[in-house]
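Per-chain residue numbering starts at 1, and chain names A, B, C and D are given in the order in which the chains are listed.
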Amino acid sequence: METTIKVLKKIKPKNPVLIEGLPGIGSVGRVTVQYLIDELKAEKFAELYSPYFLPFVSIQKSMIQILKNEFYYWENPNKDGEDLIILSGDCQCGDAGTLGHYEIVEKILDLCENLGVKKIFTLGGFGTGEIEEAKNIEILGAVNDKKLINKYKKFGVDFESSTERIQYIVGASGLLIGLGKKREIEGVCLMGETTGFPILTDPRSAEKLLKVIVNIFNLDIDLSKIDEKSKEMEVFLKKLEVIQEKAMKKLMPREEGKEKLRYIG
Amino acid sequence: METTIKVLKKIKPKNPVLIEGLPGIGSVGRVTVQYLIDELKAEKFAELYSPYFLPFVSIQKSMIQILKNEFYYWENPNKDGEDLIILSGDCQCGDAGTLGHYEIVEKILDLCENLGVKKIFTLGGFGTGEIEEAKNIEILGAVNDKKLINKYKKFGVDFESSTERIQYIVGASGLLIGLGKKREIEGVCLMGETTGFPILTDPRSAEKLLKVIVNIFNLDIDLSKIDEKSKEMEVFLKKLEVIQEKAMKKLMPREEGKEKLRYIG
Amino acid sequence: METTIKVLKKIKPKNPVLIEGLPGIGSVGRVTVQYLIDELKAEKFAELYSPYFLPFVSIQKSMIQILKNEFYYWENPNKDGEDLIILSGDCQCGDAGTLGHYEIVEKILDLCENLGVKKIFTLGGFGTGEIEEAKNIEILGAVNDKKLINKYKKFGVDFESSTERIQYIVGASGLLIGLGKKREIEGVCLMGETTGFPILTDPRSAEKLLKVIVNIFNLDIDLSKIDEKSKEMEVFLKKLEVIQEKAMKKLMPREEGKEKLRYIG
Amino acid sequence: METTIKVLKKIKPKNPVLIEGLPGIGSVGRVTVQYLIDELKAEKFAELYSPYFLPFVSIQKSMIQILKNEFYYWENPNKDGEDLIILSGDCQCGDAGTLGHYEIVEKILDLCENLGVKKIFTLGGFGTGEIEEAKNIEILGAVNDKKLINKYKKFGVDFESSTERIQYIVGASGLLIGLGKKREIEGVCLMGETTGFPILTDPRSAEKLLKVIVNIFNLDIDLSKIDEKSKEMEVFLKKLEVIQEKAMKKLMPREEGKEKLRYIG
C-alpha cells in the first residue's frame, strides 16, 4: 500500500485554490475548514489514505473507519471567482520517521497540479502560551513569494510579527508551501494566535481566521454559528486526539530498558 | 525480503469466511482460534513471513523457528455452509514504524480476495481494567457495514456499548476490517471483555467468544475442554510475550542519553 | 545504496560450510572466528556493506574505514573434507527498525546459495548472568532440522538444556538458521555459556566453542594462543562496542520532551 | 520524493575538489565553508533536497523555505589550479533510521563523479570537552589513503593524534570519505579542536581550519573578518539548531508510557 488519493467524483474547477486545515495546534485550521465545508456545502470528491497514518481504526456508532484525509470542492457561483478545494482530515503523518511527511504532501501537490491549483492557503494555530483576549488575536502570515505579502497584508494579516516570532512550521502546513514553491504554486500560511494548550479547540482564533478567509475570497458566510459548531467539534476532536495519543503510546513503548543492544551470535 | 504468504497446499473453499485471532489483549482472539483449529481439525495451508516481524527466532525442543502467521482451512461438511479460513500466529508487526502494519494486512487481504473471501471476522479482547464475573462478560462488536449490526445482534453481540466504550482498535483486527471495506469485504470485529492485565490469558472471555462463533457458524464443537486447553496455551503464550518484550528492549535501547544529535563535520 | 556483497576474489569451494561469528554477547562468536581465520590463514574474498549499519566510520592509524562484514575462505587440504566460508565483521544491523536485520541475512544467504553452501554454523555466547568456572562452561546448541541433533550431540554439544534455557536468539545467528531452513540449508547454532556482562570478551567460552568446531571439522589448529589472541582482541572489540554505543546515543537522542506531537497547521 | 540534487547552472570545473562543511560540532565546518563562499564569491550551482531532512520549513523575513544543502562553485583563476565545489547547508539527515545518512551521501558522491571530483575534504570540529587557548588549537586529520598523510602533514595537520583520540566520525564527514574510497576518490577529513559545548560557534577553531585550507589550495583570502562573520553566523546557526531540536522533540515524543505493545485483536 502506498499513500493514495482516491477520486470519488471528477471535477473541473476554475481558478482553483487549495485551503488546507488538517489537525494541529488548537485545532484552529481544522475547525476553520470544517466551518467552511459546512457553510459552503462543499462536496467531498476525493479521499487520501496512507500507510504512514497510525495503524488503527476509529469506531463511531459501531462503524469501523480507517484514518483518512478528505478533499471537498466548492464551485464559486461567481464565474470569474476562484473555486475552492478544501482539505480536511483525521490526522497527519503518524510515523516516527521523516519520509511519510514528505510523501503525503507530495501526493497532495500532485492532485493540486492535476486540478490546476496555482495557489495554496494553509491554516493553523500559533501557540503563544498565553491566553489572549479575543479582540487581540492576530492572524500571522508567511509566504513562499515576496509579492504575496503586499497582496494579503491589506486583509489584516500580520507578516511582520511572523518574522520575529515564528521560526519554523512543522508538518503539512509548512511543507505544502515550501514544496509547492518548487512546482510554482503560490503559498500563504495563515496562523491564528492561540494559547497552544494541548487538546483545546480555540473557536475565537478560528473565527478570526475565518474572517480573513471570507474577506480574501469574498465569501457569503454566516459567522454566527461558529461558537456552537466549535463546541460540537471540540468533543469530536478532543476524542480523536486522546485516541491518537493512546494509540501512539501503545505502538511506541519506551520502556526504561537500560540493557544494551546485543546479540546471541 | 518482502512480506510473503507461502501457500503449502492449494485449496478451493466454498463461501469462505476469514476468522482472525492473532496475539492481543488477554490472548482472547488467539486462544479462541486455536481452540477452533484443534477441535475442527482445520488444516494448515499457508504461512505468512514478514521482515516487519521482530528479527528473532524462537526455540522449542532445540528447534529454531522464525516468527510467522499461519492460515488453516476447515471445509464445512454442510454443502451450503461456509468454509472457514482461520488465521493464527506468533505475533503481529514488530517494527517501530507504521508501514509494516499496513503491508501485512494488505497481504492477508490479497489472499482473501484470491480465495473468494467475502466476509471477515476478527477476534480480540477489550480491556476493561476490571475483573468481571464470568457470567457478566459481554462480547462487543463493531462492523464496516451497517446492515451487519442487525444480522449479528441476535447472536448476543453488543453493538451499542462498543460505540460508547471503544474508540479505536489498534493493529490487524481493526485494519483488516477497515481496509477490507475498500475491497468490498464485509467485516465484523468481536471483542470479549477481559481485564486487560498484561500477560494473562483469559479463558472465560475466550469461551464466551467461542460460543458466539459456534452459534454464528452453527459449528459442532465440544466446549468442555476450553479450560484445560487455555491453561496449556497460557504457558506457551506467556513465554512468547515475555520473549518478545525482552527482544524488543534489546533491539530498541532507550538510554537516557541527554547528548544531542551532532556530527563531527 | 542497498546492502551489497562485493566479491574481491572468485572462489569455487567444495562442500562449503558457512561459519558465522559476528559481534554479540561476550564476543564469543567473534573471537572464535577470528582465531579460526588467523590460524587457518583463511583468505578474505568478499565484503558486505549495508545502509542499515550505523552511519559512522571508524579510524585506525589515521585511516577511515566504513563498517563492514567480511567473508574468508579456507580450502580444506583434505580433498573429501569441507571447505570453510568464515563470516566476521564490525557490527550487525544498527537500524532501529526490523527490515535491515532481514535484508542483511538474506544477502548472506544469497551468497551461500551461489557458493553451494548446504550447512551453516552460527557461533555466539549465551549470557548466564553468572561467572562459571572454565571447566563448567557448556556449549548449547539449537538446530533447524531434528536429525542434526544426533549428528552433533557426540561432539559435546548440549541440546537438552537449550530447550529449557534458551527461548529466543536475537539477530543474525538466529535468522541465518531460521531463514536458511526455507532454502533447505541445514543450520546449527552453537552458543558458549558466558557471564553476559557488557563489553567483556570471554576467551574461556571461545576456547570451548573452538574445541567443538575443531572436532567437528577435524581441524589442525594450535589452541595455545587463544588467551593471548583473546586479550589482543578484547582491546579492539571493547573499543568498537564503546564507539557504537556512543554513536547510537548521538543518533537517537531520547530527550525527556513531554510535549506532544502537534503541528502548526 | 527521493533525495534529489537540482542543478541550477551547468558547470565544467577543472580539477575539482569538494569541500564539505555541513552543520556539526561547534559549527566549525559550517562557519569555515561559509567564509570561503563569501570571500571567494563562489556561485551557487546546485541544491540538494531530501525526504530524510526534518519535515519542517524555516521562516526568514516572512518567507518559507524548505531545508536544503547547497553546492557552490569557485573557478580557480590559476589555469593549473584546482576549482572548488563547496558544500554547505541547513542540516544533515534528520531521520531516526540509518538509511537517510547513506542515501544523501551517495547522492553527493554521484554529483562528485559527474563533475570529475577526485578529491574530497570534509571539515568539522572535534569536541575535546575543554576550552583550549586559541594558539593551542590543533587541526586533526584522517584519510582514506595512506599516501595522503605525508602529502598534508606539512600543512600542519596532526595525523598522529587522530589515531589515539578520534575513534569514529558520525555523519556525512566520515561517510563521504569512507564511501568515496569505493569510488576511488581521495578523502581527507580535517577537524578543528573545539570545546564541543552545545550550540556554540567556535570562530577560533574555524580560523585555524581556514588557514590550513588557504595554504593547501593557495587561496588569496583576507582572514581578518572571520571574527565578525563568525558572530553574525552564530546568531543564525544557534537559531537553526534550537529550531531543529524543538522540531525533533515535537516529532518524536518520548512519553513515559509504561504500557506495553498490545492489540485489541
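Throughout what follows, contacts are C-beta pairs under 8 Å (C-beta built on N, C-alpha and C of every residue); 3 or more make two chains touch, one makes a residue touch a chain.
Since the model is a prediction, treat every value here as computed from it, not as a measurement.
Asker: Over half of interface residue numbers shared between chain B and chain C means same, under half means different, so which is it?
Answerer: Under half shared, hence different.
Asker: Rounded to a multiple of 5, how large is the rotation, in degrees, that superposes the C-alpha trace of chain A on chain D?
Answerer: 90
Asker: Where the centre means the average of the CA atoms, what chain is farthest from chain A?
Answerer: Most remote chain from chain A, centroid-wise, comes out as C.
Asker: Counting only Cα atoms for the centres, state how far chain B is from chain C in Å.
Answerer: Roughly 35 Å separates the two chain centres.
Asker: With chain centres taken as the means of their Cα atoms, state the distance from chain A to chain C in Å.
Answerer: 49
Asker: Listing for chain C: what residues touch at least two other chains?
Answerer: Expected reply: 96-97, 166, 169-171, 174, 189, 248, 250-255, 260-262.
Asker: Give the list of chain C residues in touch with chain D in this complex.
Answerer: Interface residues on chain C, with respect to chain D: 1, 49, 51-66, 94-97, 100, 239, 242-243, 246-247, 250-262.
Asker: Where on chain D is chain C touching in the complex?
Answerer: Listed in rising order, the residues of chain D that touch chain C are 93, 96-99, 101-103, 106, 141-144, 146, 149, 159-160, 162-163, 166-171, 174-175, 177-179, 181-182, 187, 189, 245, 248-255.
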